[in-house]
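Read from first to last, the chains carry the letters A, B, C and D; within each, the first residue is number 1.
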Amino acid sequence: MKVTVWNEFRHEVEPGHESGKVYPEGIHKVIAGFLAEAGFDVKTATLDEPEHGLTDEVLADTDVLIWWGHMAHHEVSDEIVQKVFDRVMFGGMGFIALHSGHFSKPFGKLMGTGCNLKWNEYGESERVWVINPAHPITKGLPEYFDVPKTEMYGERFDIPQPDDLVFISWYPSGEVFRSGCCWSRGKGKVFYFSPGHETYPIYKQKEIQQVIINAVNWAAPTGTEVTYGRWFDRFDKK
Amino acid sequence: MKVTVWNEFRHEVEPGHESGKVYPEGIHKVIAGFLAEAGFDVKTATLDEPEHGLTDEVLADTDVLIWWGHMAHHEVSDEIVQKVFDRVMFGGMGFIALHSGHFSKPFGKLMGTGCNLKWNEYGESERVWVINPAHPITKGLPEYFDVPKTEMYGERFDIPQPDDLVFISWYPSGEVFRSGCCWSRGKGKVFYFSPGHETYPIYKQKEIQQVIINAVNWAAPTGTEVTYGRWFDRFDKK
Amino acid sequence: MKVTVWNEFRHEVEPGHESGKVYPEGIHKVIAGFLAEAGFDVKTATLDEPEHGLTDEVLADTDVLIWWGHMAHHEVSDEIVQKVFDRVMFGGMGFIALHSGHFSKPFGKLMGTGCNLKWNEYGESERVWVINPAHPITKGLPEYFDVPKTEMYGERFDIPQPDDLVFISWYPSGEVFRSGCCWSRGKGKVFYFSPGHETYPIYKQKEIQQVIINAVNWAAPTGTEVTYGRWFDRFDKK
Amino acid sequence: MKVTVWNEFRHEVEPGHESGKVYPEGIHKVIAGFLAEAGFDVKTATLDEPEHGLTDEVLADTDVLIWWGHMAHHEVSDEIVQKVFDRVMFGGMGFIALHSGHFSKPFGKLMGTGCNLKWNEYGESERVWVINPAHPITKGLPEYFDVPKTEMYGERFDIPQPDDLVFISWYPSGEVFRSGCCWSRGKGKVFYFSPGHETYPIYKQKEIQQVIINAVNWAAPTGTEVTYGRWFDRFDKK
């Protein structure tokens, strides 16, 4: 299973930004690290590489693409977004959007909705509840776990109703959030997972890593082919 | 539109029970009251009436049945449960289970799951969030509303994944709950709505009444007929 | 309830085109006709009107927009598509895409998928089966009905899994199709209904008219408001 | 992964019954055979064994239970049905109901609906279409495949709306059927797959075997624990 971890990689290199202290080598390196340990074949790609690191070769060689972006969504070229979209829809690549990736171009295009939400940054905690214990993305998890410090993401989250709702998060300040959601799109599968603010070491937390590992396994391409267009039926074929 | 409000009507008549103070004539009377004001043709029925008040005539004359029960679920006869089930499945009657009705026999039979949950009674507040503003059950509601004092119902709620998830509730003590859920069952529609503890005047709250009024409208029978069994197809029919 | 029927209105005015014989005044006039008879307040709009007939005033005054297009999807301006999208997502306008409208820009944008399918034109019949008799869009319908002559639309239909699957169609040549599908998108509701080829009098068929009338009722805006963005919670508000 | 294949095993041993010619050792032996070849650890169990072969030990040692029954559903004891139900709901065992298993007691109990359908036996063919190519149960399949001779099962199929609709079948006589459907129930997953009449060698067909192998993999337990009942929250715990 070949995973590419994409990161916009801007906050971490901003002089003095908190996220550089938490993720000195970038969020992608931490995510790639625990995925490699879990046995996946992992690459990384970042915004400022040529073609954002997502060349045709890289995309063709990716089973599951993980996306972290926040401050520079608008700098991602529409051409690359279209290629990512096509690779999910027609190639079956899994797509996992993390945290502020709710507002990334490829996620929005795959959803067909505004993907907006409520947010605030209090450094409060978040409690992530398992809603569907039968779902493979919950494997190895307790029935809930706490993220000690997080950015609050609250409903209404402007997404299509998920095919499977896996997690709902609770915040002390009065909000709830559908924090783990699954959809199929064309030949591919999409998972959104909200915890992961850049200024807290959330991707170093064991349960968070477990969710992402499970999600990669779940999002594996099936390879099932479908065709579209003019169809010559059984009678024509005779 | 003909609505029957069923109540087990036991807590309210227990000497000294708090719920008798809140609902001296019974929860069903309060619910029937605001539904009648909203223009529905409303009847009530209670556990200790003959056939629990749900005779064949009453059921045949009911478009939507509302169910409140708590301490005496086991006293509801299986024969009546089967009749309610059949009327939903094959007659298209809407069924609305309220609060502790999650553990009622007809709701459990319609769901096919255990319908268990977490609970506690702190007299804490509950914040009910609208998750799907496009759903008719949200008509006239703000994006969230608070129930000042409630019994806590928390996930994991052991229900089938809803066809539509309308509300999620938040509690200060750290829990979340899918508090408004829709399913179709056979020719009928089922709605579960969790707020409504017997010792708090929750059914006197305007937003709660609005939800139940909307749910009755949503749960109206369609009258669409389907047939089952041996099927003689187009070729036989010639 | 205010309905706007949009039609690209090109086939019907092509000299000698079959559809001009079937719909001499345009498909939109026939659809507007039976909707007006059903009591709706109906307008029409067509591609070659200024702003495609969908000015800000018209959109703001539309509760449900019905869309028929086929040969000129690419001529619909992206600006108008964005306005239609926004009016569904943020204004709650219902959107009903008919037949070849599966490939229209607003439907594709709302779905987030390719919306492709198999097709062929044999002039074969189509049998439309009710899959969910509890759904209000089936009101007044038999459990199946036949369209005598139709264009075949076959699976795999490249849409997101519907929130509600209402109809599946059967064709003699060996195909099936999810011909009636519901989704919510933002504050709005979307229905896709596949029968309706321009060269057959399908919109003059009683059952087809019933489906569209029901769909308009189902797609009514709720008016429920939600807000997005920075959120000052209960503690801030004190 | 431990699979138990349950078969009522009555048709095959009826003197002169066609199914004895097709499956001389029983349907379960054929299914167990290709599953063992696929690398699963497979047991079988039949109606006339003590406790129908489903002792506590067998159930506790089963990850996925496959169920084939037809003429003797009513002979399955309610006690065993309850144990199967509990093992799915609270133990996470996968449950795969095949063909006429739509009317089996455990499937009906897990669904909460009537599970009725239309049927006829013409010895016609069936075309099974992949509806969701992203779903792991479609792995290795063509976009459709034909079953040369089958019993017709037609809509409306009286099931809860599936969480995932994987296959729809087409029949020459004019019917369609949701032939591959997924649900989660408690900690377990349920799959229904309709092809498999006892008088045709359907379980010897390569594509059918592939579907069942895929379904077993999909239905694997997660092991995720959830608790129910009185809940002492964060404040109590201090």
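List of remarks:
Keep this in mind: a contact is a pair of C-beta atoms (placed from the backbone, for glycine too) under 8 Å apart; a residue touches a chain by one contact, two chains touch by 3 or more.
Quantities reported herein were computed from a predicted structural model and do not represent experimental measurements.
Interface comparison, A-C versus A-B: the higher count of C-beta contacts falls to A-C. Among the other chains, the CA centroid farthest from that of chain D is the one of C.
The distance from the centre of chain A to the centre of chain C, each centre being the mean of the chain's C-alpha atoms, comes to 32 Å.
Note: centroid distance chain A to chain B, computed from Cα atoms, is 37 Å. Each of residues 130, 132-133, 143, 156, 161, 163-164, 174-175, 184-186, 226-227 in chain D touches at least two other chains. Touching chain C in their complex are the following residues of chain A: 89-90, 109-114, 116-120, 122, 152, 154, 156, 158, 160-161, 163, 173-175, 183-186, 226-235. By the touch criterion given at the top, residues 127, 129-133, 143, 155-156, 161, 164-165, 168-170, 172, 174-176, 178 of chain A touch chain B in their complex. Put simply, chain C touches chain B in their complex at residues 92, 130, 132-136, 138-143, 163-164, 184-189, 220, 222-227.
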